[in-house]
Every structure is written in C-alpha cells, then in structure tokens.
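You will see two complexes here that share chain A, one where it goes with chain B and one where it goes with chain C.
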Partner chain A sequence: MTQTAVPETRRTRLRLPATLSASTPVFVLLGVLLLVLAFVDIGFYEPDRLLAFIRRAAPLIILAAGQYFVMVSGGFDLSVGSVVTVGVVVAAELFNIAPDMPWPVAVLILLVAGMGVGLINGLISTLLAVPSFITTLGMMLILQGAVFFWTQGAPRGYLSDDYRTLGRGMVPGLPWLPWAVIVLAVVAAAAVVFMRSDTGRTLVATGDNDAAAALSGVRVHRLRVLAFVLSGLAAALAAVLVGGFTGISAQAGDGMEFEAITAVVLGGVALGGGRGSVVAAMAGALSLQTLFTLLTMLGVSGALESTVQGVIVIAAVALGAVSWSRRQRVPNSTKERR
Partner chain B sequence: MTPQPGTKAGPPPLSRVAPAAARINFADPVVLVYLALVAVYLIGWTIVGLRGGDFVTVANTVTILQNSAALGLVAIGQTYAILAGSLDLSVAYLISLVTLITAQVMESAGIVAGVAAALLLAGLVGLGNGLIVTKLKVNAFIATLGVALILRGYLENTYTGPAGDVPTEFQRLGYDRIGPLPVSVFLVAAVATLTWFVLRRTSLGHHIYAVGGDREIARLSGVRTDRTVITAHVLCSLCAGLAGVFLASRLGAGAPLAGTDGQYDLVSIAAVVLGGSLLAGGRGGVVGTIGGVLILSVLDNVFDQLGVDPFFKNVVRGAVIIAAVALYARQSVARRRRQDQRRSG
Partner chain C sequence: MRARIRPALTIMSVSALLVLGACTSEVPTDTDLGTETTGADAAGESEFFVQADYEAQMALREAVPEGPEDRPWEQMIDPEMIDTSEYQKDGPHNLCFSNAGLFNSWRAVGWRTMQAEVDLHPEIAEFTALDGQGQDDKQISDIGSLAAQDCDALIVSPNTTATLTPAVEAACGEVPVIVFDRGVETDCPVTFISPIGGYAYGAAGAEFLRDEVEPGGSVLALRIAPGVDVLEHRWAAAERVFEDSDLDIVGVQFTEDDPATAKNIVSDFIQSNGGLDGVWMDAGATSVAVTEAFEDAGMEIPPIVGEDQQDFLQAWQDKDLTAIAPGYPTFQWRTPVIAALRILNGEEVPREWRLPQPVVTEDNLDSYLQEGMPPQHYALCGCEDLPGFPEEWGG
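Presenting the complex of A and B:
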C-alpha cells in the first residue's frame, strides 16, 4: 500500500509551485528591508551608492550560490569561510613570492585551489560516506589551522592594486560600474542557467531523494562532488572579491560559512535538500547584507549587531517555516483522509 | 560468509559457536571508538616515549583527564540534542556567558547563588532553543546559530574583558583531587552516568531515541515530540552551563572568550559523531561520546608533549575527525550492504 501512496503524494507535492511558494518569504523580507532602508536614508538609492552596496554584497551572494548547490543536494559546506580566509592569505603570499605575477594568474591559482578543496570535500563525503557536516567541519579546522600555522596569525605580503581591481575597482570607461557587480551578474546568470539545465534539475532531485535518483540512473556521487566543487569555486571567487576591499588578515572569512548557510535557508531552501531556488538563495544573501547595512545606518553598535541579526534570522526563518508548513498540510491531510 | 570452494560442509568456524557475550562486535561504533582510543594512546605513548618524554604516568593521565573535563561536559550535553535529531551551536557563547555570570554572582552573593544563577541561565537558553526549534519550527542549525548570535551580541556589548571573581573555595572544584583523580573527573563521570541512565533507563531517553530516529513515527506512536526535543535542549544547555561553571572555577574569573576559544560548539558536535552517534539522530550514546572526547584530549596531550605548534594541532585534529568518522561510515555502509544482501537473499 505504501508503495503506491508514496509516489502519489510526491506527485501532488510537485504539482504545487513548490519552489515558488517556499521562496516567497525571502522576497517579502528583502522588499521590507529595502523599504525600511528607503525611509532611513533615501540617499541609499542613488545609483553609485546602490552599486557600491551591491559590490559589498557580491562575495556573500556568490558564496550563497555555491552553498546552495551543496545544500540543495542534501549537504552542508562549513569550509567556505576558511576557503575565503585561505584565499586572501595565499594571494598575498603569492604576490610576496612573485611580485610581477599577472593578476589573472593569481586569480586562476585561487580558483583551481578552491575547486580542489571542493573536490576533496566531495570525495570524502561521497566515497567515504562521511556526513558533509563533519567533512567540511574537519576541512575548516584544517584550513584554519594551516593558515595560522603558516603565517603565525600575522599574514605577510600584499595584494597588488591590479589584483584588487576585481574587488573594488571600476570598469574602465564606465566609472560608475564596479567590476564586482559584473562578476556577480555573471555568476548569478551562470547559476540560474546551470539550475535550469538537466544537471541542475537532477541535483535537486538528488537532494530530494537520492535513492530514487540513483534508481533512475543518476550518478548521485558524481553530482554531489560537482556541487562541492562549485561551492569551492564560488568560495575562491568570493575570496578574490573580499581581497579587493579588506586588509590581509587571518580572519578575513570568519563566520562567512554561517552567513552563507543562513542566507540559503532564508531563501527557503530546506536543510536536507531537494527544495528551493538558487535565485531565492542569492536573495537571502542580499537580504542579510541589507540587514547589516540597515543596522549600521540605524547606529546599532557593532556588538549588538549580532544580537539583532540573530533575532531577525530566527524570526524570518520561523515565518517562512509557518507559511510553508501551512501549504504543506494540504497534501498531508489528503493522505491522511485516504 | 561464502563457503570455501573445495571444502565440504564441516563444523561451523569457532567464532560462530562462541557464546554471544564473549564476542566483540567490531561493527559496533562504541567498540570502534574505544579501539581507536587505545590505538591513539599506544601511538602517542610510542612517539612521546621515543622522544624521551613520559606518557603513561599518573601526572600525565590526570592532565589528560583534567583537560578533557570541559569538552566532556559539553559533548555529553550535545549528545542529548543530537540523539533527539537536533544540535546546538549556541553552547560556545553560552559557556562564555556562564563563566561571567558565575564569577560575578559568586563575587557578590556566594557560591550557591553563583551556580544556581549559571544553571538557571543555561536552562533558560536551552528552553529558548527548544521552543524555537519546536514551536517556531526553525531548523535547529539556524535556531541555535541565531541564539548564538544573540548571546554573542550581548557578550560583546556588555563585557570587554574578564569580569567577576571566583572565591578560592570554589576554585577547588577546578584544582582539587580526590586520591589521584581531579574532582572534575568525578563531575564528568557523574554527569555521564546520569545521562546514560536517562537515555537507557527512562522513558524520556527512549523518547529521545524515538524522536531522533523518526519524529513523525514517534509522534504517531504517542510520543510528545515537542516536549522531548525541548527537554533534550534544556539538558544540553545545562551540561554546557556546568562546563561554564567548571571553567569559571578553573580560570578564577569570567572570561568572554572561554567558550569560543575552545571552539566548544563545533568540536563538541565532532566529539559526539566521533563517538559513533549518528549526526541525524536516533542512534548512539553517551559512552561513545566519552570515548570521542578522550581521543581528542589524548591527541591534544601528545601534541603538547611533542611541542607541536598549536595551530598545527587544528590541522591534525580536523584530519583525525574526518578519518575516524570515515572509518565508522565505512563500517556502517558495509553492514548495510550485508543486510541488504541478506534481505534480498
């Protein structure tokens, strides 16, 4: 009996615009935050300030996109924050060793290294069957420890102005358009295209039910590894952007993994995977960044900022959960009546 | 157990007729944890011995136990949360806050009031975690992360450095010994035994396992799932609170960075998983957790003795956590495959 019941409820649930409804709260939240910002300081919407804001938000949004791939396929990536830190520190050391290195080479090295970290994360959590929470937690400890061990907590070196251009510079000829916004637009477009491709859809299916996906011929392991590689790539790219406007420190990416996960969850992506859209995840990151900006504008002291952030994150996710569970009750109740 | 080609069906191999009690089940994660602990201990002994250090001495053993007390308490608490299918990322900031509250209240109102205030605070935070997870239906990861942020903001806004003063009599908790063993060992042992009893012998414990295994099935079988998860969170936070009280007694004052410097949030979760409990909940136990904590502190001690760079310790710690969990994961994958084969004939 259950064998017939299960696919039927699945089908009912899929017929609902599930991803749309699950991500509605984040767009409402974003709208409210942006509206409040307008009341607090209308000057925020002047194009140059708005673009500067998006430039600052770009790393987190890119991280959230990467984290989305892993989370929608049913995992976690706790290592992205430390990948950002390592990226910033390693770039500085690279320029220390080879001052004449062209910046694209440095960027390329970082991106490949980021993908390498993702590959290791992916292989350990799939082939060795270690929960990704533990794999990436271990990776985080390893990377943090390694970077501190290497630099003794005080990284040396510098980042060349060329290298920093991507993070803080403007497109030549268009002095109002930051490079970071272009990078972000490209990443966002690529993420959306990827999620609309067969591979992207299969990734979501894997997160929803990996056994079913495997039975229908999906190479589950390969897809999950791909998700981790993409997350590592995104983290390395975020590191390049972060390197553009922060100093070189061994704390550059501290806490970013939790911000990225929070952003993705705010975007309505279910932990455990299988539901939610990448656009909503990126909107979640933008909401978080808007929230940080708003708190700064309102003069909430740096220390209390995290308290307010905590309250709002819980409240936002709670509201999302309430509306989602109400919607979910429809197929559940029909099942119970049967 | 495929029959060897060319041999006739003889008597079954000895291991199969041996009484069940005498057999060690190597697929049992708890057995593996303690085997791993023995292995780590022997390797550490060898390496430290080759370098001319002393490893198996009373003093060193006491050091290992003493240094594992705080993590032990947090990890025991984390076991409740994880078994119930939840987890608690707020323990690190809670510990910091508890050390401060303990020290400040003790300074003005005495020891009993200090401990009571600490445990009250911890219980309330746990209640908050539990209510957010169950009633607001926020995923435990986000809920406890949010509570961690709230506590962090309060800490950073209120305290700039160490505060309060722990009376000398109470510092005895951190430094006194009963026989050769530090008091903290008895504290951890008592909490662990109590936890074992709660998990294995009370209905609350059975409910925690049931809820962690499958919340919906537990609910349909009449378990008050929300209440169970809330209780697990309260117990988790109380254990973290005890760790904070213990650390306050060790440090002699409240320290705003006591919890985060120890990375008690993530490392305690790692210790529980290292101890063979399923991160998804429903399977495992406190005995394994203690093994996991001991592995981490034996490693720590070996590194200290070898004078390994403290930052490099984190590298190895990360690698060991992954490797150890991979070991169990392989075991359970192999076991599942065997069961599947048996089931499909």
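Presenting the complex of A and C:
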C-alpha cells in the first residue's frame, strides 16, 4: 500500500518540471518580465511605445539569431560585437569618402563584409581546427585593434539620414511602424524557415554529434562555415540598425557579443550545441532587453544591473538544465529495464 | 542527484524572485522614478567630495587668468611661481611622455595637439612617448623605463591617482617631472597642470538648468560611470546646485559612455514620466543620441548639458537647442610641452598651473563650431594655429 503511494506522490510532484522543455524557462521569464513591466508602467503597452521598444531590441534579437546558428552547431562567435562596431565606423567612413553614395550600396558593402568575416572565422575554425572560441576571440581583438588604429579613438564622418532610416525611421504612410521592426520580422521569419529546412535540421544534428552526422553523409565543415557566415551577416545587419538608431560611436558594439551569447543561453540552447530553438534564442534577446528597460524604470543602475542580470541568467539556465537532466533520465531508465 | 538539484534550483529561483521583489518594492508610487538612486549616490559620493576644493574651484571660475588671452593654454590662474634654475640645461632636448592611454576621443584629440606643439619647437631633438593603454602596471613600467633613459624632462598623464604616485615619486629623483590632466598624491613634480576642475564643470551645467528649466521641472542626470574622481566631482557639484533649486531630479543613471544606452535610458524616462524638462550630463559624448531620443518620441528637446564635442555643437546650431557645453579643454595637452621647455630654460613656472576652463554658451557657440571637423573633435583644442590643422585632426 504505502509502497505504491510513494512513487505516485513523486510522480505528481515531478509532473510540472518534467513538462518543461529546454526553451520553456525563457518564455516564462519573458512573461514574468512583461508582467512586472505592466505593474511598473502600464503605458509601456501603448502600441507606439511597444513598437519603439521592439525597434530598439531588434539589433540584439538579430545578433542572437546569428549567434544561435553558430552555437547550435557547436561553436561560439565572440567577434559579433566588434563586427557591429566596425560596421558602424566603416559606414561613417564610407559616407565620409563618398557622401553621395546611395544608402543601399553602403548596406550591401557592410553585409558582404560581415559575411566575409564569418567566412574567415568558419574556415579557420574548421580547416585549421582552431576552437571557435579562440578563432573568434582573435577576430574580436583584431577588429577592435583595427578600428582603434584606424580611428585613433575618434571616428570620422557622419552617417547620412537616408542610411539611418532603417534603424531610426518609420515606414512612409505608416508613421507608427519603424523600419527596424519590419527588418526584424523578415529576419525572424527567414531564420525559422531556415531551421525547418533540411540544412537547418542538419545544423542541429552536427552540434549534437558531429561524428555521427559526418558518418551519415553531412558535410560538417561546410555546415559550420555556413553558420559563421550567417552570424557575420546578422552582425553586419545589426550594425546597420545600431548605427541608424544611435549614430556614430567607436564603442557601438561593446559587449554585444556577451549579450547575444547570454540571450542564446537564456533561450535554452545547450553549450556545445545540438539543442534549442532559434525562436527561443530570439525570445532570450527580447527578455534581456526587457530586463534592461525594467531595471532602468526601477532606478537600478550601475553595478547592480549586472548583478541582477547575472542572477536571472543563472536561474533561467538552471531551470533549463534541470528539466534536461530529467528528460535524459527517461531513456536511461528504459535502457536499464531492458 | 535529483534531491541535490531541487534545493539548488529553489535557491536560485527564490534569489531571482528576491532580487526582482526587492526592485519592485522600490517602485515609487508617483512618477518620481529613480530618486532612490539619487539618495544612494549622495551617500556614496562623500568620499570624493572635499568642501575646500569645491569652494576653491567655485572661486577660481571668477578669477581673471594671467597671460595671453588668445592663447589660453599659456594662461595661468592665481599662479604661485617657483624657481627652476636648478634644472637649466642647454638644448637640444630630449622630452619624454608617459601617456595613460588613448582610450577615448578626448585623449585622441589631445594627443594630436601635443604632437603638433612638439613640432613647433626645433629645440626638441627627440620626443619619446609611451602609451600606458589604460593599465596602471603598464604605465608604472613605462615611467620606470623613461626615467632611466636619457630624458631631459618627463611629462606624465597618470592613469589613476594613488597607484601611479610611487612611480612618479621614483621618477622625480631622476629627472624633472611635469604632471598634467589627472593628479598624483605627491608634490614632487616641478609643476602640475590642469584646468579648474570637475566641480566647476558640474556646477556650470547644473546652474544652467536651474536657470533655464521652470521650477518643479523634471531633470534626468546621466553619468558615465561611478568611482572616477573627476566625474564624481562633476556630479557632486551638480547635486549641490540641484539641492538648492526647485528642480525635480527624476533619475541618476550611468551610461558607460555608450550612445545606445543613453538613448534607451532617456527614451524610457521620457515615456514613463510623460516627458523631461532638462537633461544634465557629466560628459557630452552621448548628448546627440539624447537629443534624438526626444525627436524620436515626437517631443521638443528640453534644455540640455553637453560638451564641446563637434557633433553636439553642430546639433546645437542645426536644431537651435537651448544648451550649454562646459569644457574640459584639450588645449591643456599643449601646456606640458611649453612647461618642460621653460623648466629646461630655467624660467619660472607655477607650482600648480591652473588653466582656464571655458564654457561654450549660446553667445560664443559660433566661435567654437568649425565646419568640416569630425564628429568627435573637441572644439576647445586650441589647435587652430598649429601646423597641419585641420587635416591632422580629421578635418
């Protein structure tokens, strides 16, 4: 009697955590943060304010999507923050050299250059077998140094108003709709479609077990290089939006690589790859941005902001880790029964 | 295993909730967001605030500087001249310079200006400069190696005050030392060169807002980072002015000098307060982003404090802002070279070489704003008469 009662109680107590998938905590966190924001300032949910908020979050969300591709395939991209900085400074320099350049040309140059950085990162990590952590750390330092050497701490040139439209402006005829929100929607849709494609699924499989993936015919190197190229592309696009939003700055992308990695980890993507969804990674970025806004509104500033951020990140990831360990336990116990 | 995870999880969740809870309990019931931060800062600032220095700087603002009016980098306020004949030496000279680093555009503009000043003097045969890259240990070793070299005079711009003091003291025994920009806790250098100081800077902006913003108006204060003495002084002086005013300081936030952070913070305050009537800043690198936050919210830009940075002065003129730009002039980078040569000629120099600290106002904006300079150029560079201007400064 008592023996059967105990496991039943345990099962009831375990039901809730067991249903948590790896990405559930981020949505719970986002929900909680949005709820707290509603209490602090209900006006936050007025449509124009909400859209302005999404416009501001767009670069980080796009960066997180790019970072997701690399992380889910088993790597890291630490260079994205410096790609953003370089992108902003180079755009200003382009307009300094050629003030009449049409803005789409400048955007195109940046996107191609971003993919170029990703390609180099990818090739070094795969062909030379340098761990991506080291490759991209090196790339980060190279780019930071290059910007510094080039600008001597004071970037030249202005970003033209046309160029800044994507990051700052509104869609003509719809004065409530920022361009950045449209850009974000397109990127998000493309990322979801890509992850549902065969290539996307293989990317996750590569991160999960690259030896198995290679044996089943996946070109692992090619796929990983693709992930880095996509990350570089996302970083360049983020640079266009960041430069548009705030104008020229020699530290535009400072720390964004860590925010992007934090966002992806918050989204439940396993370090080492193989698990997690791109939507959850983007939700992680939105959660981070919501958290920053909330802390500002609460008057929390300086060091405490990082502390609160750190606690929430650890808590959210711990939640994800616990549910994961349970999910793993099921096949283990099945194995034992056999 | 499972039993161990659950308490850990509980602790983490609870601590997260506690932090969130602690924050939520601080939410003021009215629109007066962020006043707690002001209180906390007021308590924290006391270790940096020195009443006597504050009063001295307030008085120096009114003093009439000695020296040529059109060359403020050669002017001196209330100088106590000292004899330097013991250092007299025939040229040509080898000057050495230990720089804290080139980590922002203010220092970049200053460094270019200093190099151009060196080029003006054929009696300087060699100018050896080492960059401390913002690291105390690097600069300590730089000073050591420069003092051991064949330098006739050593110029130091210290990275931090206390940590660099022993290195400067050691160098004083080898070579005449000139310290500028930031101080050290020793009077062994022959002369210490700096503008009036942080209190005067902070007060100038705060007094402007006190006079321009309607009584009861809401003002947001933006600071770069805590714990830097010159920035703490700026805020300490501003806080004193605000305490005696009818202004409502709705928040004190740190921007880390990042325009995106500044723009986000201001947007949040505009929206949660229904607007702002003024913005005070301890430095102006993010001021243009702040004005754009008001534009993007469809609001008029209220009275704002910036700095003598080109993009802000340009925006000031283009958008017809109500603004002020207290300066921490980059022309002070010319003075140490001039001081070194005077010392090596055995001429008198002031013990503390206090330079004027001009403030850009609506009345003199036109004289400081120059067409074609890069956005992060500093107008108070005093570099217009130097060879290579404006190209060498990016113009």
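A few comments on the model shown:
Criterion: the second predicted complex is superposed on the first by the 309 of 338 C-alpha atoms of A that agree within 3 Å, B and C clash if a C-alpha of one lies under 4 Å from a C-alpha of the other, contacts with A are read in each partner's own complex, and residues count from 1 in each chain.
Note that a residue touches a chain if its C-beta (ideal position, glycine included) is under 8 Å from a C-beta of that chain, and two chains touch if they have at least 3 such contacts.
From a predicted model like this one, the values you see are computed outputs, not experimental measurements.
By the touch criterion defined above, A:G116 reaches neither chain B nor chain C.
Touch criterion met: A:G299 reaches chain C, while chain B stays clear of it.
Look at A:V265: by the touch rule set out above, it reaches chain B but stays clear of chain C. In the superposition on chain A, A:D41 makes contact with chain C only, while chain B stays out of contact range.
Of the two partner chains, chain C is the only one that A:A154 touches; chain B does not reach it. Applying the stated contact rule after C-alpha superposition, one finds that A:V308 touches each of chain B and chain C.
In the superposed pair of complexes, A:A318 makes contact with chain B and with chain C alike.
Across the superposed pair, chain B and chain C both touch chain A at residues 148, 152-153, 301-303, 307-308, 311, 314, 318, 322, 325.
Considering their complex, residues 1-2, 5-6, 8-9, 12-13, 15-16, 19-20, 23-24, 26-27, 33-37, 102-105, 107-109, 111-112, 225-226, 251-254, 256-260, 263-265, 267-269, 271-272, 285, 288-289, 292, 296-297, 311, 374-377, 394 of chain C touch chain A.
Residues 78, 124, 128-131, 133-135, 137-142, 144-146, 148-149, 152-153, 258, 261-262, 265, 271, 301-311, 313-314, 317-318, 321-322, 325 of chain A are the ones that touch chain B when the two sit in their complex.
Remark: chain B residues 132, 136-139, 141-143, 145-150, 152-157, 266, 269-270, 273, 279-280, 309, 311-319, 321-322, 325-326, 329-330, 332-333 touch chain A in the complex.
Against chain C, in their complex, chain A makes its touches with residues 32, 36, 39-41, 43-44, 49, 52, 56, 92, 148, 151-158, 168, 242, 245-252, 254, 292-303, 307-308, 311-312, 314-315, 318-319, 322, 325-326.
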